[in-house]
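Below, each structure is written out as structure tokens.
In the two complexes below, chain A is the common chain; its partner is chain B in one and chain C in the other.
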Partner chain A sequence: MTVTAAPPAPATASPTAPASRSRLRHHGATLALLAPAGITVVALVLVPLALVVRNSFAAPDAYGGVQGGFTLANYRELIDPVYLKVFGYSLGMAALNTVVCLVLGYVVSYWLAGRPPQRQGILLLLIIVPFWTDFLVRTFAWINLLSPGGPVNALTDAVGLTDGPAQWIPSQGASFIGLVYAFLPTAIFPVYATLRGVDPSLGEAARDLGCGWWRVHTKVLLPLVRPGLLAAALLTFIPTLGVFVIPVLLGGGKNQLVGNLIVTLYTEFRNQPMGAAASVVLLALMILSVAVLGTAARRLRGKTS
Partner chain B sequence: MAANHKLTKPILADHMSPPPVSPPPASAEPMTPAVRLSGVGKVFGTAHAVREVTLDIRRNEFFSILGPSGCGKTTLMRMITGFEEPTEGSIELGGVPATGLPAHRRDLNMLFQSYALFPHLSVADNVAFELKVRKLRPKAEIPAAVDEALALVRLTGFRDRAVAQLSGGQRQRVAIARALIARPSLLLLDEPLGALDKKLRAEMQLELKKIQREVGVTFVTVTHDQEEALTMSDRIAVMNGGRVVQVDTPEGVYERPATRFVASFIGTSNFLTGTTDGTALAVPGLGTLPVPRTDLTGEAHLAVRPEHIRVCREESAIPAGRAALQGTLQQSVYLGSAVRHHLTLDDGSAFVAETHPADAAGPAPGGRAWAHWNPDASRVLAE
Partner chain C sequence: MRSRAARTGHLPDAVTGWLARGVIVFLYVPIVVVVVLSFNDSDLTYKWAGFSTRWYGVLAQDTDLLAALRVSAEAGVISATLATLGGLFAAMGMARLGPRGRALFSGSLFLPLVIPEIVLGVALLSVFGTLRASLGMTSLVLGHLVVTLPYAALIVIGAHRALDPSLDEAAADLGCGAWQRLRLITLPLLKHALLASWLLCFTISFGNIVMSTFTGGVGTTTLPLRVYSLLKTGLTPEINALGTLLVLFTFVIILGAGLRQMRRVLVDDRT
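This part shows the complex of A and B:
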């Protein structure tokens, strides 16, 4: 080593040593910043989830507790037609609710997007404010609206559709109205956001090229908002599967959704392992629908871009 | 000066005179115009966007609606397409009243400024869109028709591309192919060259003209670009404040503007205001100038194009029969193809002349100078 070559050596070595040290410090800071969120997720999501999964394979004891051990009996029992009916009914309700919300959501979004820009903000606020209101409060509002002698009843009386107080609550119809009302905003937002990004001259071009009212939608606008519709479907279908307040308050608890079944198994039957098994099946159904809709969305994106 | 009249044939009210250059109508019914607007107007709330527009657009002509932004030209076009209904007057398309006819039932297509290509469809599906929707051709013939339409706009081989993969110029070509594949009798073009860069614009000007001749479709463009309108059109309607102020050939609107607005919007003009007796114009503070014979009397305006004006130092250098004004030469700017002289007249107003660089050197800046022109090259205007 020559004398002249020596001085550069520490010059090149010195920056690397602090760099690795600072990277370590950087890592430490990252971990520290992530810790609150990480601990929350682990403690409040992963641990309970692991407990539920564990319990779903356990045997119940006679006092509503869990006995431990490993058994598939809980899942085997869920295959009983009584339970299968609840799952089937839930899937059907969620599908129907999704379809109705998508149709209404598209119609409302299309109408909204055609309003003058200043007014769109106010109209959107009218949709958002109830959406921010508590779920339970909104459902109770419908009990008042649909009660005998309530505003809806007064209206149908005035029009001549009904004569005197009508008993609409509890009923399957009232329960469905509640579901649609609860999830309509979640369907509107993604569809409206997508539709607003569509160049208005595309609709005019479609008309110019021979499309009547119906085909402007089917040939041009609907294909273009398909990503928004898929997002809306996801946001409507999955939460509907887990709903339990609405069927209780508006449906009288007669036609149960999976959410109600789980509550019943845990509280009334005091059978934690069965409730856990039903929860795991519900979770699996949700993950499956996310996967199906997600794949559809990805395939769509690949086709348009 | 006032004695130096050179009278030539009087210039008629130009929007009434037949245009000197116009293509022969190729249609079987030469008398039916492609578009007839009769007293068309449109009111939005309290705003009168278009007023009393009456004009005929002939078959197979390249017609331009030219005006500054906000003059109502876009609204007028949207009424022809059927996107807006006129609140006054009526529109006939090919001799058939179009009032109340929805846009998708009109035998016309539009080239949108944003091109409005459907992003979820390929180039071929975009081009074939109208044939499929209107079921104009058997399915088996559609690919050949698409290839033919793409060949017309020189995009052969682009059929399977996605719209997102195309450049701006290519998108416009696809939009033209899509708009022309069903051979409409009328194509409306909304600012067709506005989104293109300068070089592409010049190329497309010529190409649009060529395509129009090839397909024999009436083209109506809407533009605020006077150069675009002058180079492409057979006739131009100049709009201002919701009204059509002049309908004429490019040469007509340039050489014989009907109003001061037209004279200043298309090219540049110098204006002098005074009183006329039909043969001369007395301009307060400047003197009396010979003008082409006019039926106007009383207050009138004289419009003179800068390129018709010559500049010299001595009064003796002015040829006989020319209108002349004296002023101070402020500046001469060399532009390559011309030299622009900025003068201040004796009443303080600005006056611009443009001469050829090869012309004899003019007066020095800062000195007194004469501006003179052939009276026949000037225009007397009432407003």
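This part shows the complex of A and C:
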């Protein structure tokens, strides 16, 4: 669903925009209509986020609650090899997951966009179904598949790749497959949406002019679907950092993501200020990655045009 | 050019074409396996021991899971209703704003979509902690409202913008009051979008696990939280049976929400 994260562009000259005189009259009604959503965002998102930032500088009380005061100790504690490893591992996993999802997302979108229009609708439905299927179901499905003696193991036994029960779960590999599986549909939609809007004759023209397959994609199509790829990258990268269910169920909880760290700090260590600090770091990583991706996209655009 | 290239059997296109088909198979194999293994007459999930529906019987007797199901359904209904109403009001209000105000408002409305959900959860928990509010259905629903409202807004605002404003103006010129215009013009025209919004918000709330981890209380363990804690000790055929029912539920929701709405939200809005 998060596929269309980009807010609808504001219409420049909407015919519904009332004249300024009547707009004044409607001011009260407008505010009343905007209030429920507006108050929700302010009271349940913005104020709470500000509070997290504040709490990340507070000292914990005896029970791990927030005592107040101002200290950098929570952040200093996070600069510990144990925690730094979690952040590094998360960034690596998120980056790898994003790359795999983008490549496969592009391949699927390109293939999909080349099907006859009616088939495209059916195939799109085929991708929508797993996308809407419960997240936990999609995760534990892999426990079935990868169990020793399970379906995949039976297959590899038959082919001769393995001999007897294989211990694939829990493992980092299983955890990674779970991540790709969880985010792949999310990555397909925005890429497909932009690729569908690209005039197919552009690629055709490039081919007629002697571009090979690789260059048709890298020089013509990929630059045109960059907005979709960028959206897909954000929608994969950011949520991957906050995932905590997959590393626990498929990875055995050994290699944690930032999400696991935050949950552990809150629910097991009950150290709220430090949990808040980890959350602020995650938020900062997110803002940083958005900035980096944005700059990368702008630089690429400069290069190709 | 794409279809022609496929026809002429251009090798790289053929290879990526098969890779794409492989990806779609990859998306389905795990789901199909859950469904098949839910009918497995064995205490182990993965060793096939004949067909049986006994795990569905076990599931129907599981009072813990049924209690969790009730919590999730309740939270889903309340938060989907609140989110859809909030989205509707926001859509109507935004139509009265200038372009600048609209951009600002929609920007803040969609902000939760780009913030990791776990941070949103931690943030809400901090507020409840500061207010010394106990966690329960109210906090759970408020958390789900944060997660669902952007989606409701996305669907309803998009549909509202596609309405022909002259209908509303004509009704106003003919002497219809605001309430009449809402009842006779806006709501009937938006009913498919509102239904889609409600169903999608319900699904999001129903399957939510991250936000619920932070905003759920002792008596309000949701179905995903319950299943998650069961899974930590191991997967059972009973959970596969539950998973199968959830897959079935996904089909019903997708068909109910209408494919057109679903496509509009997922791919059409962007172009």
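Please note the rule applied: the second predicted complex is superposed on the first by the 268 of 305 C-alpha atoms of A that agree within 3 Å, B and C clash if a C-alpha of one lies under 4 Å from a C-alpha of the other, contacts with A are read in each partner's own complex, and residues count from 1 in each chain.
One rule holds in what follows: contacts are C-beta pairs under 8 Å (C-beta built on N, C-alpha and C of every residue); 3 or more make two chains touch, one makes a residue touch a chain.
Keep in mind the model is a prediction, meaning the values are calculated, not measured.
Asks: Clash or fit: what happens to chain B and chain C when chain A is overlaid?
Replies: fit
Asks: Just chain B (first), just chain C (second), both, or neither: which does A:224 touch?
Replies: first
Asks: Looking at chain A, does chain C or chain B touch more of its residues?
Replies: Touching more residues of chain A than the other partner does is C.
Asks: Would you sort A:28 into first (chain B), second (chain C), both or neither based on which partner it touches?
Replies: The answer is neither, since A:28 touches no partner chain.
Asks: Check the residue A:215 against both partner chains and state whether it touches chain B (first), chain C (second), both, or neither.
Replies: first
Asks: One more residue to check, A:111. First (chain B), second (chain C), both or neither?
Replies: Touch partner of A:111: chain C, not chain B.
Asks: Does chain B (first) or chain C (second) touch A:165, or do both, or does neither?
Replies: neither
Asks: May I ask you to decide whether A:185 touches chain B, chain C, both, or neither, giving the answer as first, second, both or neither?
Replies: After superposing on A, A:185 lies in contact with chain C but is clear of chain B.
Asks: Shortest C-alpha to C-alpha distance from chain B to chain C once the two structures are superposed, in angstrom?
Replies: 5
Asks: Same chain A residues contacting chain B and chain C, which ones?
Replies: The overlap between the chain B and chain C interfaces on chain A comprises residues 201, 204, 207.
Asks: Quick one: in the complex, what on chain A touches chain C?
Replies: Of all residues in chain A, those touching chain C are 1-18, 23, 26, 29-38, 40-41, 44-49, 51-52, 55, 65-66, 104, 107-108, 110-116, 121, 123-138, 140-145, 147, 149-151, 181, 184-185, 189-190, 192-194, 196-197, 200-201, 203-204, 207, 213-214, 228, 231, 234, 238-239, 241-242, 244-245, 248-249, 259, 262-263, 266-267, 272, 275-276, 279, 282-283, 286, 290.
Asks: Okay, in this complex, where on chain C does chain A touch?
Replies: These residues of chain C touch chain A: 1-6, 10, 12-13, 16-17, 19-21, 23-24, 26-31, 33-34, 37, 45-47, 85-87, 89-90, 92-100, 102-103, 105-120, 122-127, 129-130, 142, 145-146, 149, 151, 153-154, 157-158, 161, 165-166, 168, 178, 200, 203-204, 206-207, 209-210, 213-214, 224, 227-228, 231-232, 235, 239-240, 243, 246-247, 250-251, 253-254, 259, 262-263, 265-271.
Asks: In the complex formed with chain B, which residues of chain A make contact?
Replies: My answer: residues 199, 201-202, 204-212, 215, 219-220, 223-224, 303-305.
Asks: Under the stated contact criterion, what part of chain B meets chain A in this complex?
Replies: 81-83, 102-104, 108-110, 112-114, 116, 118-120, 129-130, 133-134, 162, 164, 178, 182
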